[in-house]
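Here the chain labels run A, B and C in written order, and each chain numbers its own residues starting at 1.
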Amino acid sequence: MDLIFYLTDLAGVAVFAVAGTLLAFRKKMDGFGVIILASATAIGGGTTRDLILDLPVFWTHDPTYIYVIIAAALLTIIWLRFKSYIPINTLLIADAVGLAFFATMGAQKTLAAGFTPFIAVIMGTVSACFGGMLRDVLARDIPMVLKSELYATTCIIGATIYTVLVPYFPVTALAASMLVTLVVRLGAIRYQWSLPVFKEHEHH
Amino acid sequence: MDLIFYLTDLAGVAVFAVAGTLLAFRKKMDGFGVIILASATAIGGGTTRDLILDLPVFWTHDPTYIYVIIAAALLTIIWLRFKSYIPINTLLIADAVGLAFFATMGAQKTLAAGFTPFIAVIMGTVSACFGGMLRDVLARDIPMVLKSELYATTCIIGATIYTVLVPYFPVTALAASMLVTLVVRLGAIRYQWSLPVFKEHEHH
Amino acid sequence: MDLIFYLTDLAGVAVFAVAGTLLAFRKKMDGFGVIILASATAIGGGTTRDLILDLPVFWTHDPTYIYVIIAAALLTIIWLRFKSYIPINTLLIADAVGLAFFATMGAQKTLAAGFTPFIAVIMGTVSACFGGMLRDVLARDIPMVLKSELYATTCIIGATIYTVLVPYFPVTALAASMLVTLVVRLGAIRYQWSLPVFKEHEHH
């Protein structure tokens, strides 16, 4: 099970590194700035989680995470050099897959550290959302999490499913949480699902 | 006294959650993005303070803070749905009240953890300013703290009053610090007080 | 040797405080916002480093750092009041000198805390780049580190030189690392050196 968790974590890091590289490309960045943006996306959420929970920051004791980020970013750069056309929502899809991995793994790591299920749901959401938030702030985009399309809601749903199911069905919990997060997020992108909060916006 | 500190802290969190929700409304955000912006405003400053002082992050061991944020944000959302007109400076006033609570409580918590009065003044300012700074960065506004109107100065004054008075008059220190912070900040907003630093700005 | 490290650290803090004040001037900020931006630039990188490595945050136990920041910012403000013309790249040069100090000292502090050379290179880069990144995000500029001109690359080179040489020649390592970082960065600014990553940017 620990190996599954480890590989899921690495996969999430790789996918977010791809998303960061794609945004760097779209923003016409160059040089090592690309690797910095890929890294901020990939480890920003988990680093924030570990700092808040006062755990050792995950990548400081295992360089594999950094190797995976550099490899994922370089492969994406090579791919972008050969492709003549990049569909606009490749970034959204990479980001959605990353959300699914990180909402689940964030909740898992929080529970393993002995915190309550309520905090596990919050920290799953923080793990999943903060990397992308940092990426968007650095690249001066409005953070996806603050625009609609059920972004944060998706992470809360995924982390809640994991937290509720894991005492009874550990493996199913992992699979169900990631699958539901991914499906809800892709559905929200495809069909523009949203959660209306304010009735109208005429007044300031 | 501990109960008074706790309630003051909760009140500060609630007021900053209201300020975050109001900015989300003005920025036409929707869905859970509103709750995220409210939370970032409400706990961003205290989280930064606890991380820097290496204390347990205050809301990870007491879910009450999160409940208060969600309740404050939801009540503000309901209020915004019924109001047909929101005065522009409601946000500024909510923010000013939050500053008063957090500059004082940030200094109090830093002293209680055994740091020097000098660090207490700095951390009171950090507690008060960083939530709003995070809110403005995420919503892509220029942070209020970097614009004039005595924003940071107000927090430094409030935290200093608390730190100087608390060894002699604990209760008065709390009340005086919050009152002076609020009055100075509201005065700065109302009468455009400022502290000129640069003589002129013609040259770049 | 400890005294040399301490003075180098203080010099780096002072130089970054100057860079923050210059950006505040260019952005027409006023009041205490200037000191806040100077402080964020000067201690943002080292604070992030200490948080990630779970070390006590350097300035919380030694107020000298804060005194140096305030003094450097005030002297810069006085200088700006008397100067009638500020060359545009004074900010770039102050930033470059700060990079040289912090890339080296970040690596040094990480090695001293018992982490691997690989992590030391990363944390040297983080120490050097995060203060300026925070400064640029707060002032709503595109972070220098994300634009080209070998910004992050320079820090990686400097931190690597220090990490490789320090077991054999501690003093030379310090001098060589700072000198090479400074020369590469100034060369990149002067001659527009860059590291092309993406072949072209026609497609989005």
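Brief remarks follow.
Convention: a contact is a pair of C-beta atoms (placed from the backbone, for glycine too) under 8 Å apart; a residue touches a chain by one contact, two chains touch by 3 or more.
Chain by chain, the UniProt names read as follows: A, B, C = Glycine transporter domain-containing protein.
All of these numbers come straight from a predicted model, not from anything done at the bench.
At the subunit B-subunit C interface, residue numbers used by both copies make up under half of all numbers present, so the two copies contact each other through mostly different positions.
Note on subunit A versus subunit B: their Cα superposition corresponds to a rotation of 120 degrees, in steps of 5. Rounded to whole angstrom, the centroid-to-centroid distance between subunit B and subunit C, based on C-alpha atoms, equals 29 Å. For subunit C, residues that reach two or more other chains under the stated contact definition are 51, 137, 140.
Residues of subunit B that touch subunit A in their complex: 24-37, 47, 51, 56-57, 60, 63, 66, 77, 80-81, 83-86, 88, 137-140. By the touch rule above, subunit C contacts subunit A in their complex via residues 51-54, 115-116, 118-119, 122, 129, 133, 137, 140, 142-143, 145-153, 156, 194-199, 201, 203-204.
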